[in-house]
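Here it is, the structure in full.
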Amino acid sequence: MKRIDLILSEREVNRVCKAITKAGAQGYSVMRHVTGLGLSGEISEAMDFSGLGANAHVIVFVDDDLLAAVGAAVRPLLKRYGGVGFVSTAEPL
Amino acid sequence: MQSSLVLQNLLSAPVLFFFLGILGVLVGSDLEIPAPLPKLFSLYLLLAIGFKGGMELAHSGLGSQVLLTIGAAVAMSLLVPLTSFLVLRLRLDGANAAAIAASYGSISAVTFITAESFLNVLEVGFDGFMVAALALMESPAIVVGVVLAKLSAVPEESESGGEQDGNGGLRWREVLQEAFLNGSVYLLVGSLVIGWVVATFSPAGLEKMDPFTEKLFYGALCFFLLDMGIVAAQRLRDLQKAGAFLIGFSLLAPPLHALAGLLVSVLLGLSQGNTLLFMVLCASASYIAVPAAMRMTVPQANPSLYISTALGLTFPFNVVIGIPLYMVLTRQFIPVG
Amino acid sequence: MQSSLVLQNLLSAPVLFFFLGILGVLVGSDLEIPAPLPKLFSLYLLLAIGFKGGMELAHSGLGSQVLLTIGAAVAMSLLVPLTSFLVLRLRLDGANAAAIAASYGSISAVTFITAESFLNVLEVGFDGFMVAALALMESPAIVVGVVLAKLSAVPEESESGGEQDGNGGLRWREVLQEAFLNGSVYLLVGSLVIGWVVATFSPAGLEKMDPFTEKLFYGALCFFLLDMGIVAAQRLRDLQKAGAFLIGFSLLAPPLHALAGLLVSVLLGLSQGNTLLFMVLCASASYIAVPAAMRMTVPQANPSLYISTALGLTFPFNVVIGIPLYMVLTRQFIPVG
Amino acid sequence: MKRIDLILSEREVNRVCKAITKAGAQGYSVMRHVTGLGLSGEISEAMDFSGLGANAHVIVFVDDDLLAAVGAAVRPLLKRYGGVGFVSTAEPL
Amino acid sequence: MQSSLVLQNLLSAPVLFFFLGILGVLVGSDLEIPAPLPKLFSLYLLLAIGFKGGMELAHSGLGSQVLLTIGAAVAMSLLVPLTSFLVLRLRLDGANAAAIAASYGSISAVTFITAESFLNVLEVGFDGFMVAALALMESPAIVVGVVLAKLSAVPEESESGGEQDGNGGLRWREVLQEAFLNGSVYLLVGSLVIGWVVATFSPAGLEKMDPFTEKLFYGALCFFLLDMGIVAAQRLRDLQKAGAFLIGFSLLAPPLHALAGLLVSVLLGLSQGNTLLFMVLCASASYIAVPAAMRMTVPQANPSLYISTALGLTFPFNVVIGIPLYMVLTRQFIPVG
Amino acid sequence: MKRIDLILSEREVNRVCKAITKAGAQGYSVMRHVTGLGLSGEISEAMDFSGLGANAHVIVFVDDDLLAAVGAAVRPLLKRYGGVGFVSTAEPL
């Protein structure tokens, strides 16, 4: 199986999750309130009161054959709104 | 007289707590108000200001001066982003210029609230319908900003995959949703309507809301401004990247927009209190509704630019110097009611 | 008369904020009250309602009518899940039927509080001991639900490893802990006792609590109901999965249980105010203590079923239509005190 | 070494952590407030006020020889209450 | 008389909610007040106590008795960690002894606030400048603790990489920052100054702050003490590791330090109310500013030791038994003002 | 690429992030409010009100050649203040 880690703005997390499901993934997990540093600078939680939020960390465990579909669904969103994605290998416990 | 007004503002509890927050960051204190506590105070302030405004609107009614004032306010929120855009475009690309312009066309509810507190301390009256103006000025500037960004955009390569619409055009549904159904706009407008309904149909409920929406308000504002001070000071660092042009803009635009507001107020024959609030609406820039909307609809713009100008400079300027300054002008040009 | 009561309820601030929350979800606003802010209001309401109830209990004392009423309330919280279970079992498996039955046997503190506010606005009196009834009705239904689930369960294959007890029987300790020491039950009962102790032994403290537990209450209820509106509306989506049978149940059970409560109230000779509260206790369904307990003790049941019925339909029904409807019935059958 | 990722309801997280320790793991980390999608539907933070909570993400780094024991301790709980578990490979920094 | 004082304290709302929290943990309730809600109440209490203290300081002025009292308070916060260190060193290594000593030299604002509430109920007066003493006693003990830790430290192997300074010496900047700019210290001192400024220069603002800082205070204290009860009870488990020596220390140090405070109060001629507060300042141990500072500056010390003694034993001891006990002594030795 | 997972006290997280950036990493993500068990005992969120905080989970995705530098920057901090670090393999999505 593959483990996909996506880190992107909280504002777009719903959109990304929809894309993931549409691509065929059976599940995902989301952690909000993630801060960090990336190409677009530092992200803190200080603007949380404004509804802008910080980052979210999305984890998706998928079978190997779904990786391409999820990647294709998510990549344009990351390109448009910012955020990063990484893949590693995992097995069911 | 004039310096006494500035001092009176500087030595008020809300502004002092704002300074305490700024100073904390500057001297390196680890004081922080962790999320989502600032959101609690922000939601509370919007709910309370809306409810009280609606309540007072029910008392004052919707006369022609009310409608004229609100109409003028909305007009200002459409004009200010256009003129701001022209100026900002001198140095910035279309997306960034449009996003910052939207921010200055829209308003800052907390600046408005601080001005109300200032008037309360001075015992200068003002009307509840100004809150309706506040509520209706938030959204139009967002729409203008998005349109400006699209018009000035270099046509992008068409995206593929993932997204529902690949036609590259304006996603009107999304834009209008961000502009009018944004959480803070929705709560403010909704509370305004509720305040109006309750005051009109079941006034017994007003008294029971009073300890929450009225009595607690001033203290909660102090607490929130403490956090705003921290956040504004953290934003100051981003200003290096913004450069001298944007710093100049964020300090000159407020008094200029306030002057435009003063002119309109004179034409409309507003009272002193309403004039100050009108000037503050024009002068203030949004760091709540607009950034949240721009992040989604104009993702090419750099958030740290529009947030740091509106929140890091314009907001402190208005709260600390702007409000008493505009009051001095108001007293100069508006006769006592 | 009748329609005026319904209208009076519909146009009260708490119900209007509840609508604002529902509408926000329906029109697609991104207004949200992030965790753990709703928990703050939920804890506050439980603490305040408990403290005030205990205080008033100290004034009214524990006379025979008080004990009879409380006893009848507990009896209802044992009976309602039994009859509900029989009905629900027509279409649902044992675990789901039992979990939903437990929810309807138990109570919703927020519905109760909204009814109290409604009575306050009508200036109809009620007694503090009704809060004791509220507190004591939460737990028994949970125990009944767990027992029903176990009795109707197909014996599972014995689990191995990890878990402490592999005997497959009822883990009584866990069940009782979930029923009686559940955070919300514990805080309500504890605050009730503290209110009673303070009122009895150091009444000077009552006045100092008043701004917190009494004055702030109405506004905090509005704020919490705003969130409850959002949450309830989100739950409406789950109802598709629930199907027509459950939708029917969640709309018919409340008035039927309220009628049973009315009957008992007439027999007990309760006042109008107490009757309304008794009816509301019977009619309301738990979406706080019971789901938390069922998740642990009846994990085979599907949480989205028992939460969406209790919170998505029964709660809005009671808050919007039920309370004034039950008041109409109360006025019909109970003479003015 | 192995990295074990468990995602399950906040309600059972204490129980799972106890099982992990009993199985011999020297440490674990827990992130709460995790939302997500799985076989039992969507989990949000909306019911947090009720004490029901959302999901938790438990991370356990263990030596290879402990994997079986932790898996055996955790699997029945995941089966009973829901939740997922995955394993991947990691090394100390 | 004496037992009535103890009882009066035991049956007050704040102490009862503290017990409710402790009991909840002991009986296994899952009641919890999730982060960051306790932080909200902690920030609020610091802001309110500081603001009110500054306000009253403006009224009382900075006479010689005020300065003497504050000076004596600071002296106690330097002395207590030294004597405590000598005792603790009998059984503990330098780092742990120093960290615990710092905690007992510093103060607990919540204990102080509870003592104020106790005096209010007894209708015994006290002065606003005691809050200045509270504020100024937080930091010196931290500096003493860090110095003691360094002096008694076995020279470590020099670290390499990552860290800015490899010279192994005291990082004074970091220590002073942790001591004086720690969030809780900074907020308390800042609010004190703001209270003083507002009372002096714009007293109209005082009344508007009153509902927030004064009226709400007692209820918010109850809510926070509920959480402190939960946290303190959870800490009791760690005490096994601490052992009999530390348990003895944490129960004997408070009354001994209170006696030293009584002696100083007699010499200074303080009133009954101020004497009780002075004793409480000496007797209480910090579990907010000091742990946060020690974690950074003396990382070799074990946090569970200094937190569990200060929070798990000394705090409950002072709140439940200490305060009324010290009042009994105060009445014995201080004539009614 | 490498994925580095660090779990340490919230109090030191800023210091660690600075060290990571100084070592050349282009980005990182931080999750706060992490509880857990380690050599120095159990860490809960109960002391959050005091500013002491709980743990933070820092994730850094770096190219293989930066691993050594980040490790060297972070290890002394983990040694001094406590905390753990693990490395695994990942690829960009």
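Should a chain be cited, it is by its letter among A, B, C, D, E and F, assigned in written order, with residues numbered from 1 in that chain.
By definition in this document, contacts are C-beta pairs under 8 Å (C-beta built on N, C-alpha and C of every residue); 3 or more make two chains touch, one makes a residue touch a chain.
Fair warning: this is a prediction, and the values are worked out from it, not measured in the lab.
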Set A-D beside C-E; more C-beta pairs touch across C-E
Counting shared numbers against all numbers at the contact of chain A and chain F, is it over half, same, or under half, different? different
Chain whose average C-alpha position is farthest from chain E's own: A
Using only Cα atoms to place each chain's centre, name the chain farthest from chain C. F
Cα centroid separation, chain A vs chain B, in Å, comes to 32
Rounded to a whole Å, what is the gap between the Cα centroids of chain B and chain C? 40
Report the inter-chain centroid distance for chain B and chain D in whole angstrom, where each centroid is the mean of the CA atoms. 44
Note: chain F residues in touch with at least two other chains are 31, 33, 51, 74-75, 88-89
Multi-chain contacts only, two chains or more: what residues does chain E have there? 30, 34-36, 39-40, 182-183, 211, 215-216, 292
Mind listing the chain F positions that touch chain A in their complex? 1, 3, 17, 21, 26-33, 59, 61, 88-93
Chain E contact footprint on chain C (complex, rising order): 35-36, 39-40, 43-44, 47, 51, 177, 181-183, 186-187, 190-191, 194, 197-198, 201-202, 204-205, 208-209, 211-213, 215-216, 292
Mind pulling up the chain D residues that touch chain C in the complex? 9, 11-12, 19, 33, 40-41, 44-52, 54, 72-77, 79-82
Residues of chain B touching chain E in the complex: 7-8, 11-13, 16-17, 20, 23-24, 27-37, 40, 117, 120-121, 211, 215-216, 218-220, 222-223, 226
Residues of chain A touching chain F in their complex? 4-7, 31, 33-39, 55, 57, 71, 74-75, 78, 84-89
